[in-house]
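Letters A, B, C and D mark the chains as written, and numbering starts fresh at 1 in each.
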Amino acid sequence: MRTFRLVIACPDRVGIVAKVSSFLAGHNGWITEASHHSDNQSGWFFMRHEIRADSLPFDLAAFRQAFAPIAQEFSMEWRITDSAQKKRVVLMASRESHCLADLLHRWHSNELECEIPCVISNHDDLRSMVEWHGIPYHWVPVDPRDKEGAFSEVSRLVREYRADALVLARYMQILPADLCREFAQRVINIHHSFLPSFVGAKPYHQASLRGVKLIGATSHYVTEELDAGPIIEQDVVRITHRETTEEMVRLGKDVEKMVLARGLRFHLEDRVLVHDNKTVVFD
Amino acid sequence: MRTFRLVIACPDRVGIVAKVSSFLAGHNGWITEASHHSDNQSGWFFMRHEIRADSLPFDLAAFRQAFAPIAQEFSMEWRITDSAQKKRVVLMASRESHCLADLLHRWHSNELECEIPCVISNHDDLRSMVEWHGIPYHWVPVDPRDKEGAFSEVSRLVREYRADALVLARYMQILPADLCREFAQRVINIHHSFLPSFVGAKPYHQASLRGVKLIGATSHYVTEELDAGPIIEQDVVRITHRETTEEMVRLGKDVEKMVLARGLRFHLEDRVLVHDNKTVVFD
Amino acid sequence: MRTFRLVIACPDRVGIVAKVSSFLAGHNGWITEASHHSDNQSGWFFMRHEIRADSLPFDLAAFRQAFAPIAQEFSMEWRITDSAQKKRVVLMASRESHCLADLLHRWHSNELECEIPCVISNHDDLRSMVEWHGIPYHWVPVDPRDKEGAFSEVSRLVREYRADALVLARYMQILPADLCREFAQRVINIHHSFLPSFVGAKPYHQASLRGVKLIGATSHYVTEELDAGPIIEQDVVRITHRETTEEMVRLGKDVEKMVLARGLRFHLEDRVLVHDNKTVVFD
Amino acid sequence: MRTFRLVIACPDRVGIVAKVSSFLAGHNGWITEASHHSDNQSGWFFMRHEIRADSLPFDLAAFRQAFAPIAQEFSMEWRITDSAQKKRVVLMASRESHCLADLLHRWHSNELECEIPCVISNHDDLRSMVEWHGIPYHWVPVDPRDKEGAFSEVSRLVREYRADALVLARYMQILPADLCREFAQRVINIHHSFLPSFVGAKPYHQASLRGVKLIGATSHYVTEELDAGPIIEQDVVRITHRETTEEMVRLGKDVEKMVLARGLRFHLEDRVLVHDNKTVVFD
């Protein structure tokens, strides 16, 4: 069922819901899902509606025009998207296949509503797996002495494939600041720890040294500061003294891929709103 | 902060949210929490608003009068409650203290917004614990040859204390059908299994025989059919071959008290709507 | 690191551990993992040792001969296996790919220590995915009027490929009793509910009707009685009133594949001992 | 059932289990529970046996004498304890009652095998609750200008009551270094975050600022470095954008009391071994 998704953030005050829902009802909009959140601390209001496209007399452009006065009246940050226009998500990976294989299978079995125009990797290892899915694979090695060259090629590919979002599926390279800014709130990374614990390299090794009893993973939007962007989703798995670092890596993989897939799904369905470096996730 | 809670269930159609939110906005109502659910299967719509009482020009009676025409127009089942009018919850227990002690402590530390006018038990064991909290304790033994006599006394007490709800905190006796009907959707039981597994007596014993790897607990509204009422909340805990039935009982206690406390909290805050023997829980 | 795995079940009495560990120490065996369990209810004792193969002066045959007198003295049910001799696991699937793809990827990335000599399916849908992994795919349609014919072909294939174990990765067909008996404790099924709830067909549909707040999956050894064999592993995921049956199916897939993969891993590493239709899992 | 608990840590080498189990079998010891762990990283071996006291011809002193040569041969750190000699645990609290009430109820209902000779608090608020349990309550205010005076009184009480262990049940004061050293591996603290995230003050406030999706609690042995001691147990609970800091505090309480109670239980049953600032927990 094709839906429009109306996503709004604005300073909270009386009458927002009434105005928006009256607008929708006035055009006979059939709301299939509605979510609201008033944040007391920031004084902001967040709202997401999913509306049957066939119930409205609008296409997106007409909707935008008709809704603009309301948006202005309430100083809204807002967007409307069409479930029929699938987002174009470029996946980036390195040598580890678990997150990539998981996303590819979910896409292949129609669980993820997106297009995957290409996969970019700094190694050539996963080419055959990707190409079996009928997806172009681009090997862009990252020479430590010429990272700029590599990322200029990455930028070119991202542009060429008209990417709406990037997913760092254990890419293991730090994106340059300009790419982070250009794709603000549209680059999703999976970090293999329960942030803010164990920022940076070798988090399972760090976890083993500290002797924690749970290990985790975090999917978050990438910002210029390493592992500090808005958290979309997290989860953990129990470990004991018996698990070696290698076994923690194995157990962690399952958490990583689940947490990344859930985070990406929320993003694709326009369920994530960012404010003050934190997320509202209307799941 | 004192709030009114407006809880609505009705057949789904376009315009319900617009009507209700316009009504609220028209009276300057400051909504602090709003939840909606459209159930595709049944075609019903469910809605809960929490509104700052001081933002509305109404008391409950005036609200009811003003809202009645809308309710009628949309064939709503609805209620409005005032957070300042705490529900009166009679706790019923037997010999096991864990659920009762947990609820009493939550009440004592102001975590549960209710009054506990009295505790009724078929044994006298827990009197001192209850009375330390300043709550009257009624020992109503249940003679297997005269259950009717016992429950007629229970009914009398429930009436005398003007109970809004009953909580069977491991009461271990089956309530008579007339009491179930009188307090429909207002009697909460905790069953010590993950329903529908292990209905009836000795669920941990049954779980041990079957060799399950997780045990659980279920809080549900009591209906005339044993352990078959609408489920409010469930949770589980992992076990292994090492746990004896006695250890399953110990581990299960922690799940039972958490699941009962969460279920009761949802009920007290008018977050539970029942339809087709299932619950919508706006948590 | 190559290890021998010594797995023992016997009536409990004083001196078993001393005898076994003295035997191992007497031959300079380097124990890397040791697990014990005394079951009070049945009076049985269970034990698993993992020993560095290079620390022992034995091959498997010599070990068996040397250990036999101890095994006889204590009436042991026992086996010794060699981690270097990978089990041959035939996967059986139907149309749903999630469990099969998950197991294939774990195998492909060397997470599962087994061989997969072939995949058998009653449909031809998943051929390409399987063949990409370099694994033969056999399409054996199951005609409801001639199930015997189909399963005689399955038996032939299982024999031809010298299978040590079968995994029903959402195979959706009931194995004939003789195959169940022949492969007792060597056929692993994934059932898409938290057993013993929702035995049989359409468990998510059943779960939706009952209104449970958690759904689950169970991996178990197959016996002649449907969904009643010894449980190896279970897990659950939280749902709410918002999840439709379709969404429960989607969420359940992730639990199914995790629970099946964990159950299979336990089996492959000889961590599962069966007694009285229950399992001891030395994880 | 009265048991002896033999707990051993030593450098790993061949023959430890054989020697110990032969010693036990030679004296007809009936082992009810046995756990082993070889730590590859440190090269240490850890072991815990629970043995029916009535099966051995020893009291503790005689056991110690008989076992000493083995302990010396393998350079063991070891202890043997008698389940009949309950540990004396002094609880320390401040104003928050949830952890204290939880531990008191578990003790009262015979779930925790220990004695609680007294409770010490820097406030007088919880006196009545403690005294209802028949336990002496000592109010030792901590004047920020004379912490030394307060802790000298605490030390005196701990000595007077012959404490075997201290539990900081949300005590909110930092113990002086000498007390930490004197009771090394015998002071258990509950920290209201998932360490190492959010060390120090106001962890829920920190968690809210960072926008995490799970909050947790950690029970650990206290060392001189704040919140850095060996972790015994941890757990988490899921939160969303809806939870205010106040609601995180409420949800966190349930995790804190569970994690503290589990950690204390492991300690009381001699299930925790400390090595390299990490724990082996034979649960």
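Everything that follows uses one rule, which is that a residue touches a chain if its C-beta (ideal position, glycine included) is under 8 Å from a C-beta of that chain, and two chains touch if they have at least 3 such contacts.
For clarity, every value in this text was computed on a predicted model and none was experimentally measured.
Taken over every residue number at the interface, the positions common to chain B and chain D amount to over half, indicating a same-residue contact. Judged by contacting C-beta pairs, the busier of the interfaces A-D and A-B is A-D. Using the average of C-alpha coordinates as each chain's centre, D ends up farthest from chain A. Averaged C-alpha coordinates put the centre of chain A at 41 Å from the centre of chain D. Rounded to a whole number, the gap between the C-alpha centres of chain A and chain B is 37 angstrom. In chain A, no residue reaches two or more other chains under the touch definition. The touching residues of chain D, when paired with chain C in their complex, are 14-15, 17-19, 21-22, 24-26, 28-36, 38, 55. Listed in rising order, the residues of chain A touching chain D in the complex are 37, 39-41, 46, 194-198, 208, 210-214, 216, 230-236, 240-242, 244-245, 277-281. Against chain A, in their complex, chain C makes its touches with residues 97-98, 101-102, 105, 108-109, 111, 128, 132, 250, 253-254, 258.
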